Amino acid sequence: MSENKAASEVKNVLHVENVTMQFGGVVAVNNLSLDIPQNRIIALIGPNGAGKTTAFNCITGVYQPTNGLVEFMGKPMVRSHPTGKMKKQYKGENAEMYVGNGIINPTPDKITRLGIARTFQNIRLWKSMTVFDNVLVAKHMRAKQNVFSATFRGNAKEERRMRDETMSLLEEQGLDKVKDDLATSLPYGLQRRLEIARALATDPKLLLLDEPAAGMNPQETQELAEFIKEIREKYKLTVFLIEHHMDLVMRISDYIYVIDFGSEIARGVPMEIQNNQRVIDAYLGVAEDE
Amino acid sequence: MKKAIALALALMMLLALCACGDSDAKQDETPTVKIGVFEPLSGANGPGGKQEYLGMQYANYVTPTVEINGTVYNVELVPADNESSDDKAVTAATTLVSGGASVVLGSYGSSVAIAGSATFGEAGIPVIGVTCTNPQVTEGNDHYFRICFLDPFQGTVLANFAHDELKAETVYCLGQLGNDYDQGLINYFKQAAEGLGMKVITAEFPENNADFTSYLNNAKTEGAQVIFAPCSIQYAQLIVEQSATQGIGLPLLAGDTWDSNKILGAAQGKEVDIYVSTFYAEGGDPDFESGIKEWLNSNSEAKTNNGGDDMIAAVTVMGYDAYYTALEAMKKAGSVDKADILAAMPDVTYTGVSGSIAFNEVGDAVRDTAYIKQANTSDNVWDFVAVQGVN
Amino acid sequence: MSGFLNAYLPHILTGISVGGQYALIAIGYTMVYGILRLINFAHGDVFMVAGLVMVYATASMPMYISIPLVIIATVLLGFVIERVAYKPLRSAPRMSVMISAIGVSYLLQNCALYFTGGLPQTYPVIPFISDSVTVFGQTTKMVTLITPVLTLLLVVILSLLIKYTKMGMAMRAVSKDFETSQLMGIKINSVISFTFIIGCFLAAVGSLLYFTNYQSVIPTSGAMPGLKAFVAAVFGGIGSIPGAVIGAFIIGICENLIKGAGWTTFSDAFTFVLLIVILLAKPTGIFGEKATDKV
Amino acid sequence: MTKIEQKKSKKGTWIALCCIAALYVLLFLIDNVFPSTSFIVMLTPVLKKGAIYSLLCVSMNLLNGFTGLFSLGQAGFMLIGAYTYAIFTIPVAEHMSVYQYFDGGAIQFSIPEAIGSILGPTGGAFFGSIIAIILAGCVAAVFAALIGIPVLRLKSDYLAIATLGFVEIIRAVFQWNSLGVITNGSNQLRKYTAFSDMKLTIGGATLKFGTIFPFLIVMLCIIVIVLLINSSYGRAFKAIRDDEVAAEAMGISLFKHKMLSFVISCFFAGVGGALLAMFQTTIKAQSFTSAMTYEILLMVVIGGIGSVSGSCIAAFLYIACSEWWLRFLDSGKFLGLSVPFFRDGFRKVVFSVVIMIIVLFFSRGIMGDRELSFSGIAGGVKKLSGRLKKKDIEEKEDTGNE
């Protein structure tokens, strides 16, 4: 399999293989496999409760998947198989596939350190901090310092570098005018933007966006689309996003995965997805329920 | 609303400051000498501290003035509550120093006495320990004196008593964890008892413990003939109660702390044998006793502090004697200045209700007798059993 | 085995009795925590105040008036504490409410100190339950036998109440989801008040039993039983009533066995060792439900 | 930062430095020059204890206020610090008397005496006790690290209970007779180097540092804590407090940072414990109860969770009120009149009512999460006077209309 990958024309940044997440008796993500090639914008869509955010959480280390493998830059990053009680309860497939190799279950901060940054569906900014500090804290991870040099100011140069970089990042995002405001006092659109800026401050290779356009009006959504494209070019990013705004998804995605009830129902370029009957059914079915 | 509350709080603070300043500014025609009372008026040793303070109050009531070199001084008692706790002792002691006390009496409970000692030492104020029996109180402290016997003495006396009178072979010792008085006395008792060939089992209970049944049952299963429990009254009451209801049937032996009407109250009408060693046996001085009883009965607050009746605790007697010892020291010094009193202290002698008082080179009273009393549970009084010495 | 029983029977008996009394207090903790997510540090002191009220009430009134009076006064106290000290802070951070609880505990202790003048108060003798009885050759108080029975009886009644009455249903709903139940038209304030009332009622009963055993009330009497009852509640899985009861019995018995084994220095510490071990092994206690944070 | 702001903050720093210098001159005068009037006698212990509690509050605030870890283990770490300090500074000659039940104890070594053999007895006491204080902090920190490994995995309330339980366990262990040769069992430790021993002989004159010494140590410690809080790590702590999930997602290792905060906070709790031991002149494990932790927590809340200056102000106010200003409430007299209900314990009732009022109506405390700054005070005064003037004018207008 890895030989195939090497042969393929574009290198995969993220490779998700047979990931299953089961909570008690509920299978939230079922045998999900996907590939995210470098410098592309890939979207994961699906009706409400389809398991999109859970998939994100499995990739970023918030949850330990029940079964499956996630590789980042060609190296295994997360690997798991059912253990303990789950051995009996497990409802997914490929239960035996990863048993021999042991479990890799890094905490989210380790994954971020590897180069995956994310934003949250329900914005999670640090509410008592200013816009500037919000971004500055994200620089903490890569700062060359220890607690002594930081406390006794032995690293003035490093601190200045962090501040300068933060400032230029804010200027790029057009947030420099509000840098001393409390993060939570910003309008919604800017908060989203700040979250992205904060994620960018960790110098990621792959950016996961969890519903970045939620709650935005069409005007803002359009701006966001441009913005995502812009940062992809600028930072040589790969972007993986969950989104409900179909026009946004269709406009910027290079490739789309569709899941429903935890399982993949379709994948393809935007045009294919738009015309896929199963996708339409899944979405309309939800609409009927509501 | 909020502003009003904030304003009220600020005002209160201001008032408090006024009151602080005020206490210094007071003046009288007759000169006043202040005697500091360093006692636990709350906390675990609150009852004992209050009874000790009662003796001083009564003495002050009887003799409110002192004549020194022809000048008559009003004697004012200035109490400071050390809350039975070491960490409050320092500031409580400081209030006395700052309040201008010439001499200080106290404290009930040796560990607070030790904790407050340094503050008095720095200020050069002489302190007269009333019932703090731990040797460490006076040891190495030139300013600390005491009018009662010491734990090594008391421990030996009690061990002798347990051996000679109660014919015990095994003794179960129960003391509070972290209490110097309990642990000290148990230690000396143990030394003496083991010297007499008795077997000693020790146990500790934690602070605020209320359930002694398992300890008492342990004592019984370990085959002890006597339970020695020199703890503070708060726990003593519980031990007496639970010993009676559990039907333990072993005599309880204790030190001076148990000499209290609270213990009698707890033991009343129950089948328990309680022996205590103490500084004073009732009936020693009828005049004094009738006087203080009358005072107690006429002063409702004093009576409440005494536990609601007019039984006289040994610590009250000691408090009474301490007051007069302090007056004697002032007369001897011919001055109310703390330094003069301190200089005169070692030579002070006084014959009080509890016997004659003189200090040895360490500052301890020279005493060679203790009284052993037994609780009479039907009449609710202490029966005098024996005068016990070391030999 | 019989040797062990003989040596340890008194400790086990005491343990069961103490455990029952802890259980009655622990229920108050666990119910309040279940609904408000608040460690009600003042609960132990409410228990102490119930003891003091009894002391003062019997001084001037006969027993058959005093006992109901104590229960009513305690319930009232719990109600007032909730209304005055916790209700205004409903939307405040949880830490503020917890600190308010510590403040109330401080206030109750200091008031008790002021009124008693720091003197221990002797608890009145309640007829019948104070009588001595002999069980398996061990003399003990009637209360030792009554406590576990009464505790279990009250717990059963309480469980039925929670399961079958409308108020009980509301309580369960509120403890599952505070906000949603509010939206569903449950009168949250009356549910919370009711919870405090039940908690305090049980604490009052617990205090009658506990102080009948130990006979003396001081301002800090409530602190240790309160803390241990709380540990019991955590041990059993906070929010779960059967958990609290079982936890309380386990702690009561273990503590007394430890004392019986001669490790008296560590009898209190042991409770907390047990607590830390259970928290590490199963943070939500024996019967606690696992909660997953939504991200 | 604009230039004007920079100037302003520079000015503020200068004023602050001047004030601190003035404070130290005053303390020095109190130690060496001022006569011991009753006011000074009462003032000095309150100042000392206030300073010590400031440090304890700030260290607790670092954990509870800035990192959002609700720990109630303060008293336990203070105990470790206090004991470490006391054990290593008791003069060897006094061991027999202090460890009287344990044949003089196992440790026959005293840091001040070791230093004293080089620097002379006063220098030995001064610098030896500083070394012992640092050692006290370190031992507390080591214990914190060991306890932190299991305990810091717990969340909010559970962490609070576990640390509370830990205090009880530590207390029992230190009172255990089997460890008596080191800890003196349940008995007091005493005769160790205290504040009154803080003297230095410079050029023939002996200068006393009894009051200034705790202030120096406390100020140094608080400066370090403030530097930490304003460093990159401090910001990471705040991020954890605000939102753990987001912090972790931004690459902040929760365990590492919580551990750091816990260990550092406990280091300073240990230092505070050592200072408290010096202040009390005797210590025993029994007095380090969870009530002590609650008291510190109340001070932190009164000062404002998340405010260093608030913690300091609250600590001084709390100590002064409880140990000095409100004592008259117990005396039975007020302004010369006798008031029957002013008896023992009334002080505490009033005090706890005041605390309840603060908790209920001013739940953000004196400072909230802001800091006291001298330019801020100047601004405040200006604003107030401006408002007063405005009122004056308005009133004048009113009267004019009439």
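Order as written gives the chain letters A, B, C and D; numbering starts at 1 within each chain.
As a convention for this text, contacts are C-beta pairs under 8 Å (C-beta built on N, C-alpha and C of every residue); 3 or more make two chains touch, one makes a residue touch a chain.
None of the values given here were measured: they were computed from a predicted structure.
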Can you list every chain that touches chain B and also touches chain D? C
Could you tell me which chain lies farthest from chain D when each chain's centre is the average position of its Cα atoms? A
Could you state the distance in Å from the CA-based centre of chain B to that of chain C? 36
Geometric centre distance via CA averages, chain C-chain A, whole Å: 48
In whole angstrom, what separates the CA-based centres of chain A and chain D? 44
Round to the nearest whole Å and give the separation of the Cα centres of chain A and chain B. 72
Residue list for chain D, restricted to those that touch at least two other chains: 172, 175, 177, 245, 344-345
Contacts with 2+ other chains: residues of chain A: 62, 120
Multi-chain contact residues (two or more partners), chain C: 113, 117-118, 223, 265, 268, 295
In the complex of these two chains, what residues of chain D are touching chain B? 36, 38-39, 41-42, 45-46, 49, 97, 100-101, 172, 175, 177, 185-188, 190-191, 194, 196, 276, 279-287, 289, 292, 321, 323-328, 330-331, 333-336, 344-345, 354, 357-358, 361-362
Quick one: in the complex, what on chain B touches chain C? 41-43, 46-47, 50, 177, 203-206, 208-211, 213-215, 217-218, 221, 233-234, 237-238, 241-242, 245-247, 262, 265-266, 304-305, 307
What does chain B use to touch chain D in their complex? 1-2, 5-6, 9, 12-13, 16-20, 22-24, 26, 41-42, 81, 85-91, 94-95, 97-100, 111, 114-115, 117-119, 122-123, 136, 139-140, 177-180, 183-184, 187, 204, 206-207
Contact residues on chain D for chain C in the complex? 64, 70, 150-151, 153-158, 160-162, 164-166, 168-169, 171-173, 175-177, 245, 290-291, 294, 297-298, 301, 305, 343-346, 348-349, 351-353, 355-356, 359-360, 363
Of all residues in chain C, those that touch chain B in their complex: 7, 10-11, 14, 18, 113, 117-120, 122, 130, 132, 138-141, 210, 213-216, 218, 220-221, 223-225, 256, 259-260, 262, 264-265, 267-268
